[in-house]
Each structure stands twice: as C-alpha cells, then as structure tokens.
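Note that subunit A is present in both complexes that follow, paired respectively with subunit B and with subunit C.
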Partner chain A sequence: MVKDPGLDETIKKLTPQQIEKTINQVLKGEGARMKAYLTTCVHCGLCSEACHTFLSRDRDPNFSPVGKVKNTLWEMVKRKGKVDAEFIKNAARIVYTECGVCRRCSMYCPFGIDIAYMLLVVRRMLNLLNVVPAYLQDTTNSHAATMNQMWVQQDEWIDTLQWQEEEAQMEMAKARIPLDKEGAEVMYSVIAPEPKILAQLLSYMSQIMTVAGVDWTMPATDGWDNSNMAMYSGDFETMARVERLHYDTALRLKVKKIVMGECGHAFRGGAYDGPKWLSWRFPPVPLIHAIEWYYELLTTGRIKIIKKFKEPVTVQDPCNTVRGKGLHHQLRYIMNEMCEDFRDVDPRFEHNYCCMAGGGTINCGPPWTKSRAVSNRVKAEQLKATGAKYVVTPCHNCHSGIEQIISFYKLGMHTKFIADILIESIEKPQHLLA
Partner chain B sequence: MFEFVSGPLVWLAFIVFAGGCAYRLGWMFVTARKDRVVYPYMSLKYGLRSLLHWIVPFASVNMRKHPVMTVVTFLFHICLIATPVLLTAHVVMLREAIGLSWWTLPPLAADIMTIMVLIGGVFFIARRIRLPEVRNVTDYSDYLLIAVVLAPFATGFIAHHQFFAYKTMVILHIVTGVLWLIAIPFTRLAHMLYFVFTRMYMGSEFGFVRNARDW
Partner chain C sequence: MNASSVNAKTAEPVVKPAVPGMDSWDWETSEKAIADLVEMRERFPEVHEFSVSPDGERIAVPVKTEDGQYTICVNGEPWEQAFEKAWYIRFSPDGRLTALVRADDAWTVAVEGEPWEERFEYIWNTIFSADGGTIAAQTKRDMQYSVVVNGASWTNSYVSCRGIAVSPGGEKVAAIVQPVPLKEADIFGFMDGTWTIAVNDKQWDRNFINVYEPAFNSDGRHLAAEVRLGTCEYTIVKDGRPWQQTFGCIWEPLFRPEGGSVLVPARVGKSWVLVEDGHRLWSGEYDQLWRQKISPDGSRIAAVAAPIFGKWTIAVDDVAWEKTYSDCVLEPFFSPDSKRVAAIVKEDNRWTIAVNGEPWTETFEMVWNPAFSPDSKIVIAKVERGGRFSIAINGRLWRKNFQMLWEPVFSPDGGKILVRGVEDGKYIRRIVEIVELL
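After this line comes the complex of A and B, so read on.
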C-alpha cells in the first residue's frame, strides 16, 4: 500500500471510542437523504458501469461505486461505528484516492442514489478524525491560514498581478489588470495555482478583457481564490469561510457578476457546495465559469477568431461544469470556433469519463500519482481514440491530471486551457497594441 | 385455519402494509425538511422529466448498456404488481368481502405473468451469483428478499393448478403473501416507495440546479 503520513501516522492516535463517537455523530446529522439511499439501494451493481476506476482496473468489484460504499459506509453503519483504525485507513484510501466524486454513478443508478454524496459523508467523518492524505490536508491548512490553496501571501498576490499586467502590456500596450475597482461589471477570480505556477494565464485574461472592452477588476485583498480543497477534505467549516469571503469580496466591490477561471471544483464550491453549507439557495452574486464567459464574448462578437488552431485537438468535459452545469454545448461551440480540426470524444457530454484528478484526488499528491493513473486507463484509451495531439481541459484538475495520464500511458499529447488557444486565435486590434 | 388466514390475517397484513408505507413516507417528508437541499431544490418539472426517462424501457444510457437486464426488470416489475391486483380469484374474494371489483386477467395470461415473475427472480439470483460486481455487494438478505417476493407466486401457481397438497398450498400462499406485503415498508423492498422520490430529487438537482441530464 502507498505510504502517506496523513493516513499512516494519524491512525496511530485514534481511539476506538473516538472513532465510534465520530462516525455516529456524523451519521446522526445526516437525515432523510442518507436513510432513503441506504434503504433504497437493492445492491444491483448497475452503477459499476459508470466508474472509470472499475472499468480501468479490469472490472475489479471493489472499485465499483457500490463496492466503495460497501467497504466504507455500509460497514460503519452495520457495526454502529465500531470499526478499527486499519479500517479507517482503508476507508480513507478508498474515499480520497479512488473516487473523484464526479457523480457519473448517479446517472447510472436506476434510483438516482447520490453515491458521491455518501462517500463525501465518509470524508467528513475522516476529516473529523484527522485522517486525511497529507498533501490534501496541507492544501486545506493553506485555505484556513491564507484563504487560498497555495500559501500565496497578499503582497505576493498583488506583485504577481502587476508583473502579469506588465507581461500583458508587452503584447498589448493598453492591457490592464484593474485592482479593487468598485462598481466594475465583472470580478475575475482565479485559483491559487494561477499566480503560483501558471501566471501567464493572468496575462492572457488581461489581454482578452482588454480586447473585449470589459469593465473588470480583480480583488487586491484575500477573497480572490475561490478554489476549495477543504470542500473535498471534509473540512466544511473552512470551505464555508473561503466561499463566504469570496462572495463578501464581490459584494464589497459591488460587481455585477463574478467570472471565474478555468477551474471545475472552484465552480462547484462557489455554485453549489458553498451556498448549500451557508444555507443560500443560490449564490448572492451571479457566478459564471470561463466557458460561459468565452461563449458570451464570442457569440456577442466582443472577441473575434481570426486564426484557427490547426493541430488536431480534442476536449475534456469536466464533471463540475458539464454534469455540474450543462456547459458542454457552449464548450463545443468554443472548440469549433477556435479549432480547425476538433475531434470529439466518446463518451461525451454528461457521460464523459472523470479525469481522476478532481474531487481532491490529485491534491492527495505524488504518493498517489501512479495509482490514479492506473485507475484511469479508460481515459487514456478514450483520448487516444480521437487521434488528437492536444486536449483542451477547461479545468485545472483535469489539466494536471490528464497531463499525468498522457505521460503515464505515453500518448504523446499535451493539455491546453481554452485561454492558451484563444490568445493565439483572436483578433487584437491595432489601436490596443500601440 | 383457512378462515383465519384468509380473513383477519389478510386484513391485518393490509393494515400493517398501509400503515407502514404511510409511516415511512411521512418520516421521509418530515425529516427531509431538515435537509438543506431537498425541498429548496425539488422541482416538479425536472423531477418528472428524470422519472419519465427511468420508467420507460431503454430511455437511459445504462438501460441500453444492459438490454437483457432491462427487459427482465421491466417485465418482472410489471407482472409483479399487475398479477396479484388483476387476478380473478383475488378480485372475487374482494368483491365478496367489500363489494368492490374490477377487470381481471384471463387465466392463461395470469399463468404466463406468474411464470415471468418466477423467471425474473431466478434471473436476479443467477445474476447475483454470476457477476462479480453484484456478488461482491450481495449478502444473505438479498436472497432472502427475492425468496419473500417469489414465494407467494410459486405457492399461488401450485395451488391454482392443484398439483399437490391443495389446502396446504393455499394456506402457504396466503401466509407468504402476507409476509411479502408487510416486508415492503420495512425492508429494502421499500425502494417501491422511495424510488420515485430519490429519482425525482436527483433529476431536480441535475436539471434545476445543474442544467444537466441524468439518464
């Protein structure tokens, strides 16, 4: 088994009483849905077909969605919380590293049982027991301490934005990144990997906003990162602090809407899990994903494609923006607009396979990389069948995860964000360049 | 003995069945109020849209992936409910007891439908044994539930055709039928009650909140 101090060391501190109490306390808090799901499931196994880990591992029954529930939640319920530390460790391996909570299985269960929700409830228990993969816990700690997932300090943040503004100005003299501008039409928010390791994306957005003539801003204070790994570690208190600050920041800046970068789980946190925990039916400020934003800019003619991308390219439908928001048609529109040789995947749309990086799985870090790649052979086969050279992944987790799968299975492809292609394809008017 | 099982016992079974179902559903409606998402996100339109896709054969991707299972499941469930409700002998007894009656199945159709239920049950058992992903999540209770469901059909069929021990078979038929009825609200057979709501909730969350399809 993979070594991970977040599991191996933490289970040594557990007492049987603590395990029993925590499990029962969480179960007690879960009401009608959990009880109805546990009673309704007839153990038919029809959800198996949905799961990329089951399909990739030669139909190993322990990797089917219901198999994962059996090896975690069912046992906990059956034994009324009286499980040992080794059981807890194995449960953590299953729920954190073998399930991306992509919810594909809910579409295959005849009864519509939300299996991902059930595994998230197990994550909640494990979080309360402090048994969380070390890398994922570090990310959650970063959220709790700095309100972003990569320990970016406020001065570093502002410094990076100004640096990327200058980068943008090298290409387009009129480009700006307006900081903390009250009353702007759009607040643009990104996740911490952008300033930390993919800073060029900020410069791209600056140029795109400039071409489109958008009245936009980015916050100069904390509250700019709406990614949320606490949502996936089971630390819902920290998740809620991050989401609340994000919307508080948008309200302080009095913006009309929030546009967020190409990230799926951040979208999920902002659109669904965060509001749910905070007892908001829908977000207090409209939140749209980059796919919707680019679609809007293209269809209204605010940006124009003048040079299509020539290489064969395919696409990844991220769970949180496709199964989570139905943006697959808008994504296809963008792909066809900017690419000459777009090759679609099969299965696609809501039925696309999970990237096996989202749901916090990639944040479990390097110890689990190989296991994750083995668990997603079907993704490699699906991508290979398109014959494309590039994969557009409008989600940070999909982006990194699929790059790893490509390298593990030696597919000779590369991942790109929409912005990577868009910035090369759009018309940049002369008066902005000078 | 026969008078007791075909009279008071059956009435008791109907009362427990109806009361149990009302209790389980009432519990769900009340408890779901405490859930942050169930009522706020429940949508009649998207709920029914999803339900429709899952009660029409082959209307969902997963049903098309498992054609044999789909055909057997639909036939099994239709026959399971229609046969006892539309059986001549049952309707006659009901008319004598309370004066209500309705259209009944021709005897041959009732026989064929009963056999379908039995074949379906055997298919489900075979599937549980044969497919690793199903065997893995199967325990004795799954077989027991199938046995509870099949028993009244098997005994009813034998009694009707008077193959042997007619009187014993009739009594066994009524007793197993009673067990089946009262098991519905208190075991996983409750999927008969909950399926509609779990499906409609998932359909609502997908359609109303996520703008996506769930079939």
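After this line comes the complex of A and C, so read on.
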C-alpha cells in the first residue's frame, strides 16, 4: 500500500455524518448534468479501451473508466452517502492517482458521457473532506498562499526574470524581459516550475520575442502563474482566485492577449474551468497556448527555421490542448518545420494516450511515482515503437511524467519542450546578437 | 479620479482636486515641448519604458549608460548616480519620482535620485498613500521579509510578506505576513494557519489559513481583510476579529466612508450577494459580483455584476443595467455628483465606455479608465485605435492622435484638459480647452 498522509491521516478525522452530509451536499448541487450521466450510462464498458490505466494494468476492470466510477461515485449515490472512511480513502486513490481526467474515455463512450467530470465531482467531495494526496494538497496550498504553484516568493519571481534577461543578453544583446509594461501587445505567463527549476525557458522566450519583434511584457506582481492544481484537487474557490488574478493582471496591464507557456492543464484552467466558475463564458482577455503562438510566429515569418534538429524525435499530444482545443495539426506543423527526422506516434492526435501525469496525478508526488508509471506501460510501448531519441512535450506535466516513464521503462529517450529545439533552430539576425 | 464630499449645509457636492496639488499646476501654457525621445534613444544604448509625472512636466525613463550601468533619465537629463540596475519608476501622487535601484549588489528606493540609506537583499512593490506623503515597499534581508516606510525598516521580519496597503493619509501601512515557518509539504501545519496581518510593525495576535486584500478605511483607523477559516470557508476580519458569519467565498472588502461598516461580495450557495458587516445588504443574487464602489456622497453603491452566467454589466443599488456584455466589464466610476456611473465594457473583443448603462457607439482596441469632469457632465478616456492613441470625450474621438499618451486629466474648473503625449518622437505637455475636443 502506498503511504500518503493526505489520505492516511485525514480519514482518521472523518465522521460518518460528515461524509454523508458532504457527499449529498455536492450531489445536490450538481443538478441535471450529473443526473443525465448517471441515468444514461448503460455500463457497456466501451470506455475501457480508451484508458491507458486499464490497458497498462492487464485490462483489470477496476482500472477502466466505468470501473473507477463504479467504485466511487456510483457507490456513493447508491448508498446515499453512507460510506465509511476506508471507502473514502480508496476513492481518493482512484480519482486522484489513477485518472488523469484526460477525457479520452468520453470519445469512446457511445453517449459521450464526460466520465472525467464525474470523477472531478468526487474530487470536490474529497477536497471538502480534506482527503487529498499530500503533495497535491501542498501544491494547492501554494496556490492559495502565493498565487503560484511552487511557493515562489514575489522577489524570487522578479529576480529570476532579471537574471534570465541578463542570460538572454549574453546571447542576444537586445533581448529584454519588459516587466509590468502597460499597453504591451502580449502578456506572457508561465507556470511556476519555469522560474523555479527551468529558468532557461524564460531566457529562450526573451530571445524568441526579440527575434520576432514582439511588444510583450511579464507581470512584476502575483498573477504571472497560469497553472492551477486547485482545479484538480477540488478546491474551486482557490482555483477561481488564481484565475481571476491572472486575468485581472492582464486587464491591469492593458494587454491585447495572453500567450501562455507550454503547459496543458494551465491552458484548461485559463481557457475553460477558471473562466466558467467566474462567470466568464470565454477568457476576458484572449488566451493562446504556446503551440498556437509558435505556429503564428512561424507561419507569418516572424521567426524562421534555419537549422533543423537532426536527431529522431517524436511528440506528445497534451490532452488539454489537443483533445481540448484541437491543436494537433499546428503541433505537427511546428515539429516538421524544426525537426529533420520527426516520427509520429500511433495512436496520435486526439486519440493519443494520456501522459498519466496530468489532471494533478504527477502532483500527487513521489509516493505515487511507481504506481503512475505502472499505469502507463502503453505510453512507454508507444514511444519505444517510434525509435525516436527525443520526445517533444509541449506541456509541463507531460514533460515530467513522460521523463519518469522513460526512466522507469529504461527507454533511453529524453523529453524536450518546443522552445528547447526552437531556440537552437531559428535564425537570430546578426544585428541582435551580443 | 474625482474625489468629492458633501457640504453639510448646502448638501451640494464639494469637488476636491483629483490629484494632490493640481490647483498649482500650470493650466495656462498651451504647449510645452519637454523632451526629445528620439534623441534619447540615440544617446543611450538602452532606453526602457517611459513614465510621466502627474502634472505632465516631467518624463522619466530607465536608461543604460555607455559604461553598462543604469540610471533614470528625467526630461533627457540623467540622474547623477548610476546603478547596477534601475527599474519600476513610479511618480508618487504628489509628483516625486521613485525608482528601485541596485548598487554594490544591494537594493533600495531612490527618490528624486537620492537612494534611501537602508539597503536590502531585495526590494519591490513601491506603493504610496493617496496624498503621496508615504512611500512604502516590501523588502527581503537575510532571507526574512519585511516592510520599509519612508526609508525606515520595520523591526519585525517574517517568513514571507506578500502584499502591502497604505492608509489614505499615510499614517499606517499594513502587510500580509507569514510569521510561522512551514516545513515542506506540511499540509496540516498550513491548515492550522500561518498567515496574518501586520500594521505599522505590529502583527495581529491571530493567524489564518490565508489572508487577502487588506483595506483601510478613510481615516486609517480600521483595517479589513479577507480571511480563510476552513477549506472552503471565508469571512472578513476587521481589526483582527473575524465576522461571525462565514461564506463559501468572498472578494475584496470595502469600507463605507462613514460609520466604518464593511461591504463585501460573498458567495452563498452558487450565487453572489452583497453583504455589509456580515448581513445581506442587496436582495439580488448574481452569478458573479465584484469591484463594489461607493458614490462620493456615500448614498449609492455600484459593482461589477453578472446577473446570469456570461452576461456582464454594472449593478447600481442592486439594479443591474439593462444592457449586458459578453466579454467583460471593469470597475465602476462614480461622477463627482454621485448621479452617473461609467465603466469600461468589452464585447466581441472591442472596448468602449458605458455611462449609466448606455455604451458609446465608438469602439476601440483598448480603453483606459474613464474620468468625469468636475461638473459630472463630461466623460473622457484614453483610447487606442490602429496602434495610435487618442482621447474619447463623451464617446466621440478627438481628431488628434499620439504615438504615446498618458491618461488625460481635467483642470480643477473642468474647462481644460491636461494632455500628456508623444508626437513625432517628442514628449509634449498640452493644455487643451474642452471646446476643442467636443
């Protein structure tokens, strides 16, 4: 059994009355959508074939999407919330660590039932009961306290941007990271791992923006982080606060649009879940993902590829940008433009397997790393079949998760962001160089 | 921008200058060419973002000098002292120029070119009292966080400090602080509460899970903030004491100018309502409600509201404007006579201003905050169209446009407008008669 104080310790404080009340309170608030899904599902099991967990775990029905619903929500409904603390702990294991809410299963459901939504409803119940994997809860706490995902202090953020501006200027004398520039065309926002552990990506973006001649800015205040693990822990109030600040920052800076870095779940939070909770039908400031941004820069000639990446490379289709917004063709355009030996995956596009790191699963942390890797053997097999040496993952969760799968299954590959390759491939005009 | 109060004898609004000291500004000289920005860009290897003083007499910008250092250039003249870094230039409301500067690897604030004596590992987020008399900033020293006010550091420091507020008169400075250290991934310690508020170097005696949006009342005697008491349990804490009532979520608190009560949007069930001192004030339930404002005479309340999902407008005294907008609506602004409300609205990615529910017919690529004339009859705003900037006045676009423009300011008598703009590479301060814009 995996030990996780977020589950093991928290269930000790639960009372039957508290469990029953919370479950029924959440169910009552869900209304017609939930009722329709519960009454429509005919338990056919066709969703099973869609799920990497089911496929990777020797087709054990308990790991199929319908099995996950059966072992959590259906029982809660059937027993009218009268379930015990051990049931709650098992439900937490299922919904937080065995489902990346990637929504692949919905494509295989003959009725299009959004099974991921149903499991997110369970997560909401568990959040209200304080039963959340410890590392995921800690990430949510970071969002609540600092408005970013990794406890980055306000000064650390600014200092890192200033440092990365200097790094960029070592390569490109005119490179800048304009901070808090009102009226810029673009606000660029990132997720906290970039300043915390992948700061070079900020330097890369500074150089790309300089080559493309973009009028851009990054905030010098909280609101720069577009990630949102509170969305996945079930703390929708914190999710909303983070999203509101992100857009309020863009509105304060009077930018025309937000370009966000290579992250999938953040795109979902910024484009869909966050705005909806806040009553914005669409983002109040247009938001585009890095894939769209690079595509736009390449197709308009603002950046040009002059040196293609030579090693064999394949790609991951992040669920929230590909299944969520259909950016797979733009992603393939970028891959083919910058790579000499691009080898596509099978299945691909919206049918690609989930990375099993999204949906908050990788944020459940080290206790669950092995379990997560076991749950995605099919991803390892899929990647190995390409013969590629590198996997481009335009999503931070995919990036870390696939790197772990590569390590676990000893595939001898490595992950890269688009920007890692782009910065080596684009033309950097002489007059901009240091 | 237009502050006012009510004359107790006549009940007529008494209009105060929107900006401290503006009565003494030069409202007569129609045109002053202040600085040549093209020449500055040729003279320095790097010229960053420009900032203009409230009275329009000065334009400042961080520049890199030939020896690779940075300084602040004001009207084309660099400060005497150069720094390793200089940024975040801000004019205080009373017109003093501040910058965050680093010398010998230590940071401080420089005011009019004179750095404060105290030095810090880092300093950021310079803010001012409404009258400009108080300058405060957040600081880090020896990995501890604190606040500096007018050059003097607080004696207490904290594990973290994430936001400061200054009372309107500048007598008090508050900060959201974390006095209790938290071990990595200590989710239980976090829920015990590690955050509180410190006011003038003294922290409250109770900690909370989270604290957001501290706000002073008008005389600085009271402070309210959002606090989180449980996973999804929020309330307002006033002067260290939480309300008895709790809510699913809340947004920014606002004091009434008289009486000291606190207004806050709160989530009840799946709807948002306006609450005063914990009790329901408006009967209306909204899909979203925020950015409440009180009229200058204290009699009316306006807020950004979504009466139903995805439809945004302004609600005034619990009555939503009939016309709604799909993209967004920004904070409301009352006229000095409290009778009119203006707000920036956005539909189909085009921006404009709506006044008392009626949108201007002209739309723009961007619109800045609306400002009312002292007599409340005219609304002006900086706008952007085709990459150029201009001023819209009661919905009509002025014929003149600029490469850069700062927000226009009404003269105290309302007959003129201060225009601070860049034309043909030169920053020019203009005083324009209202009739010329109409």
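Here is the rule we use: the second predicted complex is superposed on the first by the 433 of 434 C-alpha atoms of A that agree within 3 Å, B and C clash if a C-alpha of one lies under 4 Å from a C-alpha of the other, contacts with A are read in each partner's own complex, and residues count from 1 in each chain.
In this section, contacts are C-beta pairs under 8 Å (C-beta built on N, C-alpha and C of every residue); 3 or more make two chains touch, one makes a residue touch a chain.
Just so it is clear, the structure is predicted and the values come from calculations on it, not from any experiment.
> If you stack the two complexes on chain A, which partner ends up touching A:145: first (subunit B), second (subunit C), both, or neither?
In the superposition, A:145 contacts subunit C only.
> Quick check on the superposed pair: does A:9 touch subunit B, subunit C, both, or neither? Answer first, second, both or neither.
Second partner only.
> Where does A:128 make contact in the superposed view: on subunit B (first), on subunit C (second), on both, or on neither?
second
> Based on the superposed arrangement, let me know which partner A:279 touches: subunit B (first), subunit C (second), both, or neither?
Once the two structures are laid over each other on A, A:279 reaches both partners.
> Is A:237 contacted by the first partner subunit B, the second partner subunit C, both or neither?
A:237 contacts subunit C only, not subunit B.
> If you stack the two complexes on chain A, which partner ends up touching A:181: first (subunit B), second (subunit C), both, or neither?
The second partner, subunit C, only.
> On the A-aligned overlay, A:220 touches which partner chain: subunit B = first, subunit C = second, or both, or neither?
Touch status of A:220: second partner only.
> With the two complexes superposed on chain A, say which partner A:72 touches: subunit B (first), subunit C (second), both, or neither.
It touches nothing on subunit B or subunit C.
> Just which bits of subunit A does subunit B share with subunit C as contact spots?
The overlap between the subunit B and subunit C interfaces on subunit A comprises residues 279, 281.
> Which subunit B residues qualify as touching subunit A in the complex?
27-28, 31-32, 34-38, 40-41, 50, 54, 60-62, 65-66, 69, 131-139, 142, 145, 188, 190-191, 194-195, 197-203, 205-206, 209-215
> Contact residues on subunit A for subunit C in the complex?
The contact residues of subunit A facing subunit C are 5-6, 9, 29, 127-128, 130, 132, 134-135, 137-138, 141, 144-146, 153-155, 158-159, 162, 176, 178-183, 220-222, 235, 237, 240-241, 251, 254, 256, 278-282, 284, 286, 365.
> Which residues of subunit A touch subunit B in the complex?
Going by the criterion above, the answer is residues 31-33, 35-37, 39-46, 48-50, 54, 59, 61-62, 64, 66-67, 70, 106-108, 110-114, 272, 276-277, 279, 281, 322-327, 350-351.
> With touch defined as at the start, can you tell me which subunit C residues reach subunit A in the complex?
48-49, 85, 87-88, 122, 124-125, 138, 140, 145, 160, 162-163, 178, 184-188, 190-191, 194-195, 209-210, 212, 228, 231-232, 234, 248-249, 267, 269-270, 287-288, 306, 309-310, 312, 326-328, 330, 346, 349, 365-366, 368, 384
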